[in-house]
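Shared chain: chain A. Partners: chain B in the first complex, chain C in the second.
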Partner chain A sequence: MKNRKTGYEAPLEKISPARKVLGFARDNTVPLMFILICAICIPLSGFSVNYLLAEIVTRISRNSFLILSLLIPIMAGMGLNFGMTLGAMAGEIGLILVSDWQIWGIPGMVLAMIISIPISIGLGVLCGKIMNMAKGREMITGYIMNYFINGIYQLIVLYAMGVVIPIIHSSIILPRGYGIRNTVSLLAMRQSLDNLIAIRINGVKIPVMTFVVIALLCLFIVWFRKTKLGQDMRAVGQDMEVARAAGINVERTRIISIVISTVLAGFGMIIYLQNMGNLSTYTAHSQIGMFCIAALLVGGASVDRATIGNVFLGVTLFHLMFIVAPSAGTALMGDSMIGEYFRVFVSYAVITLALIMYETKKRKASSKAARELALAQKLEEENK
Partner chain B sequence: MSELVRSSGNPLMDKIRVFAKSFGLPRLIIAGFLLLLFIMAPFVGANFFTQLSNTINRFSWNAVLVLSMVPMIHSGCGLNFGLPLGIIAGLLGGTIAIELGAVGAGSFWVAVLLATPFAVVFGMVYGFLLNKIKGGEMMIATYVGFSAVSLMCIMWLLLPYHSPNMVWGYAGTGLRTTISLEGYYLKALAGFLAINIGHLSIPVGSLLFFALLAFAMWAFLHTKTGTAMTAVGSNPEFAKAAGINIDKVRLLSVIMSTWLGAVGILVYEQGFGFIQLYMAPFNMALPAVSAILIGGASVNKASIMNVIIGTFLFQGIVTMTPTVMNSMIHMDMSEVIRVIASNGMIIYALTRKSEVSR
Partner chain C sequence: MEKTNVPLLEMKNVSKSFFGNQVLQDINFKLEAGQVLGLVGENGAGKSTLMKILFGMNVIKETGGYGGDILINGKKVVFETPFDALEAGIGMVHQEFSLIPGFTATENILLNREPQKKSVLSEVFGERLNTLDRKDMDERADGSIDKLGVHIDKELVVNHMPVGHKQFTEIARELSKDNMNILILDEPTAVLTEKEADALLESIRGMAKRGIAVIFITHRLQEILSVCDKVLVMRDGVIVKDTPAADTNVQEITRWMVGRSISGNPSKAAVATAEKERGKVIMSISRLWVDMPGETVRDVSLEVYEGEILGIGGLAGQGKLGIPNGIMGLYEAGGKVVFDGREIALNNPRKCLDSQLAFVSEDRRGVGLLLDESLEWNVSFPAMQIQNKFLKPYLGGLVKWRDEKAIEEVTNKYIKALQIKCTSSKQPAKELSGGNQQKICLAKAFALEPRFLFVSEPTRGIDVGAKSLVLDALKQFNRESGVTVVMISSELEELRSTCDRIAIVSGGKISGILPAVSASEDFGNLMVSNVR
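What follows is the complex of A and B.
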């Protein structure tokens, strides 16, 4: 094995199994921690295996598409796309419009997706451009973009809809004549994708069609990585300057990655909401980015590396914790609120931890590179 | 700056453009908007002095929180999105002061005193962490703040508080979400030397307290340590060459910011009249951050003047928009306008190229 610190031959040391285990544990701290939390909480919560299984299957089908939308910006080195909420808002606007037009079921969903595409593209381009102006601060910029666009979303949905954008249906519009109600019922669309082909095994409903859609997206991502554009994105993610020198239009590539993510997030939100069956107009998207990012990180992803495997492991573990925490809290402390707060705390703590690990790793790598360079220069001088 | 602006041939236009460029267009729009609101106010039937008093009052509540941004911006730690951490120290101080039986205006000082050790300890841990992750401060600060707030949500339920004025009546344990400060430090500062003439009321005590802190901050920034702090923020390489211990200076700045955040929330509470617990500190960082940015600060530059102008403009818009807008177009768009303006300002600041590369 080559010693990377000095670049010199080091005695071929055999990695002992104990060290291997330790290294594995270090690289997968977050997932292991979660497995531990779940292992403690599941027996405490007293839920049956069947119930948990049914819940988990529902949640995987509900959330996976949204979480998958995060992968492409990570590939392009733009970190966790906190701006995915923008796409979610575009999806919601699509759903509001189709429910006003009373187009339900699969046609309604498809139409909502079609409506969301131009909005998502517009928002994605805006977000990408702004992130290009704030290189190195993409995540915090994306995060603030959420709040900013949320303000504009409210402006449109609460004031413009019914005045500028015609909304006629009285079940959707506020009694005052403009603005959308707090909740828009999607009852006529509820689980229309999930129920298209659904099989029941042992009382656990498996929404096959939703999983097919998710699988298609996974295939798309795998395929996309191999395309020219995907390769470019990875190059940009590795090193922007090198990529630029290689003739890649860095700015454009980065914008495209955000646009794809935003469009996918819009679709994801529509899939998410058709499962829920109602749309909380002003709050549905507010937490979605945070939960998706936390789930992805729980699956062992980091700010600069995420795989499809991370998505599915993450969504399973994270939502398992989410289901069992309140009742485990009740059993343990006699107060269900503690469990509620605990799961919120864990979501934030996971993101914090992942961000800290990423930054320390980055610093270590850069100081290591600096040390290597210094050493190489010293050797060169000695050889002169 | 001026050579960046394309000449239009008209000297006056050029001057305006240069001014707009250096002052920042968004800032100009916001200041103009506020001016317009003040001009419109009498026409829509709002009393000018009432509006002014409201703005000044809200200024006095929030100014210290905004001031708490200054040390960290100076030392190059960026915008303190981790303000909730300081706020939690302040909340602990306030609730413990009440628990210990401190009453009246004096309980404010007890609360400040009790909050100090918490703020110092939190600040040290937080500063130590931020030193480990230079360059990624803002995002991590946000999430450290969030984690701390949600952890404290559990703590407010579990910590052994007993004062009947604070805990839930029926359970006897767990703090309430809002605690009235009637009989404690309500108006502890605002009541001091307060001026009330007709519609105009000015909380002189709160303003004096802020002035005192602001002056202390200004004086500190001109001491040797303060200059070192500015050097670390504006040019880390130079600071390192000059033999300044960067990590130590940054740590000090974080502790200062956290302590000011703790004092800031106590000042806010004495004006507002309630302690708000649980998720309340969650959304307190963004208004403070955008206020200082509106005042003309950037990610690595801030002055006391930025704090004063920014807080006044921000709070002015918060207080004026509902009244004026409501009576003008009968739509309460104030909340939405506030959200767009304040977050737009933060985005604007984040996209500015900071003068130094890290």
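What follows is the complex of A and C.
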């Protein structure tokens, strides 16, 4: 913060190197904590570097697209909302349908994406409208909305599919004649995108095509920030009233940002599931929102600011912990369940911690003005 | 003198009332292109309302519109929204900043009017996917900063700007609108340093030379004289004076602003109490600062004597409201406050209330009342909470129940004493009129039986009859219970009729303390002495 103009603020500007380090640590508490946890757990787990690298590469390719879908609503000031989960459901419906039609491979994926688009848009508009009624409480609104839409999703998948929506393939439909089985095998589609162009370096498989798709999305986000719509979203995100006074349609802009997020999340879910190779019909989407948000926060994002860098740092650190925690748990306690328990516990803890830190930071910023006032008075006294 | 060409802006018989309360009446004035019009008046004189009408703010329409005509270039106009006003070439810089905090000056100047470049995607998906033309944006921002004539760093993010630059950024935004020919500046210099204010005045002169008409609202009268062609003095919703700036001076304007009758006959009671012997110092405030947004207090030292009524007056935004709010712990404050020989911890409302201080807030709907609860609850709640009054102990004090009977009694006592109009003591507070709500706030404070009472803007927004009742109740409370009262009000006459001494706050500081019998002109001079 350069400041040549005001006398008052000048003394605050002189920050010693020690305080700078402290400030950096405070601003990046969550990522630093994770680096520490990983540094402790990696030797304990006893995994080889190659194994860890291979796992990390897989998980980055699997999850990044989903996490990137969170960025645009954050830019529009809608915080870490769970709207993306709705998109994930849309993606799943697309995949169920294409597997019933037995269209596999890349064509199957593309078709599933196309099917998911209208569903995602519909859910996104609904979600955006509801969030416009609950401004400032998007996170909890989105979270509760997930339960609501999840109910509708189950109604459709469990009762409507096979009755209203024709489903014929016996490997998908429940023996009773309607409803979808607990798991839908996507074996014929498994890693079709990952394997399209895949190279092996030192035994580590790199799914080049998936990374190309992720890179394209990153480019899209960078470009999107430069568009008029992107600029409007940033304005709306920072101050809705000012944006409204300048003639920006705040509500519409917010809805568009959620729609972009749900559509991208639908694609992301399809990429995620093609890597996994099977779909747990009723649970796949239930925790995905939370894990994505936790990963983003681990990467150093906050409620009102998230970058592409945060996504990749977060996905790496968060999943590194996931990989090493169970074996580290076994090594320490003789029980791998402790690691499993640990990962869920940590996700919630990270989200809680990040939210608390966001609030304290806001409060600190507001008391800064008061400190300046006190300082100005003191300076005046010294000058007398 | 008949001019051949029609004036740029003309107001004819403009009037406005809020819920039967006439706030503007018979407003007539003309403004030529390239003229600078200075608009002055005390708070509540109607300046802001007048500008809101001109700018088509929603609030005016929602409260029933206005009377009279506004003519631009001789044609009658009716603005439904501020956007209509913008279209017609009116720009307004409000007192509160309207800037996006994380945007640079350039981005703010061109907010929602960014020059754009088409791309393939925007052809398909519509105009909002045009990319921004950063180069053109920079050029246009440069252009309007040039017009402004004050250098601001267009790359600097608003968050990191000193206040003055935020103000200049706002003005530059208005200047960047090509059709803008009437610019309203609502107290633009309030947040500026002296040097910045000079730069702004210079810039206003430049704008006028280019043919832009400027309406300049300020409390700094010196600025009016140095930059304006014409001065419009408002008082109580009417224009009391419309004169060329060259023909007048600060003293005269001050007199027009404050003077109902210049001789100002304070009540006999005030004269008597002024000569009353002073009690001991009950509260001494030293070096107080308060960070209350818009009402910043800087380095205030003040002594309050036991049993007196001290008035604190001053123009809006000068910090008079910050003093009680800071001492009572509602906004962050520093300094030292000693009450009855003991220092009071600041930033801790409970400690203040425990030492028998009470506060009637100016924000009666937000801080003062539990709107959905009954009058009984409103009157008794703080006393219950703080002093364990109106509670009956059971099981040796383990369980305390409300003493409904005592609560009803005390509420009815105050309903009678203050003549509160209500159906019963069980009526919810929100159903009462503003004046009666204010009386409930007072009753609440009285029920605490404090030794020291801060009353902030007790008569704001209530009618004349209720006003005198509220003030009489305060005086009576002071006389009969010997309670020291500090009353903060924007209305000088009200202070003069109620208080023993009056302190005037200007620029966050006490600019002087005078006995209530002093001439209103002296108070007026103090009010504008170090406005910032």
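Here is the rule we use: the second predicted complex is superposed on the first by the 350 of 384 C-alpha atoms of A that agree within 3 Å, B and C clash if a C-alpha of one lies under 4 Å from a C-alpha of the other, contacts with A are read in each partner's own complex, and residues count from 1 in each chain.
By definition in this document, a residue touches a chain if its C-beta (ideal position, glycine included) is under 8 Å from a C-beta of that chain, and two chains touch if they have at least 3 such contacts.
Values in this document were obtained by computation on a predicted structure and should not be read as measured data.
Engineer: If you stack the two complexes on chain A, which partner ends up touching A:L158: first (chain B), second (chain C), both, or neither?
Structural biologist: After superposition on chain A, A:L158 lies in contact with chain B alone.
Engineer: Please work out whether A:A215 is in contact with chain B alone, chain C alone, both, or neither, and reply first, second, both or neither.
Structural biologist: In the superposition, A:A215 touches no partner, neither chain B nor chain C.
Engineer: Thinking of the overlay built on chain A, is A:Y341 touched by chain B (first), by chain C (second), by both, or by neither?
Structural biologist: first
Engineer: Look at A:L187 in the shared chain and tell me whether it touches chain B only, chain C only, both, or neither; answer first, second, both or neither.
Structural biologist: A:L187 contacts neither chain B nor chain C.
Engineer: Now for A:I130: first (chain B), second (chain C), both, or neither, which partner does it touch?
Structural biologist: Once the two structures are laid over each other on A, A:I130 reaches chain B alone.
Engineer: In the superposed arrangement, does A:G247 touch chain B (first), chain C (second), both or neither?
Structural biologist: Only chain C; A:G247 stays clear of chain B.
Engineer: Can you list the residues of chain A that meet both chain B and chain C?
Structural biologist: Touching chain B and chain C on chain A: no residues.
Engineer: Please name which positions on chain C make contact with chain A in the complex.
Structural biologist: Those residues of chain C that touch chain A are 82-83, 98-103, 107, 111-114, 116, 122, 127-132, 160, 162, 164-165, 287, 289, 291, 296, 298-299, 332-334.
Engineer: Name, in rising order, each residue of chain A that touches chain C in their complex.
Structural biologist: Against chain C, the touching part of chain A is residues 1-3, 5-6, 9, 223, 226-229, 231-232, 234-235, 238-239, 241-243, 245-248, 367, 369-370, 373-374, 376-377, 380.
Engineer: Spell out the residues on chain A that touch chain B in their complex, using ranges where they run on.
Structural biologist: Counting only chain A, the residues touching chain B are 130, 133-134, 136-137, 139-141, 143-145, 147-148, 150-152, 154-155, 158-159, 333, 335, 337-338, 341-342, 344-345, 348-349, 351-352, 355-356, 358-360, 362-363.
Engineer: Mind listing the chain B positions that touch chain A in their complex?
Structural biologist: Against chain A, chain B makes touches at 81, 129, 132-136, 138-140, 142-144, 146-147, 150-151, 153-154, 157-158, 174, 286, 331, 333, 335-337, 339-340, 343-344, 346-347, 350-351, 358.
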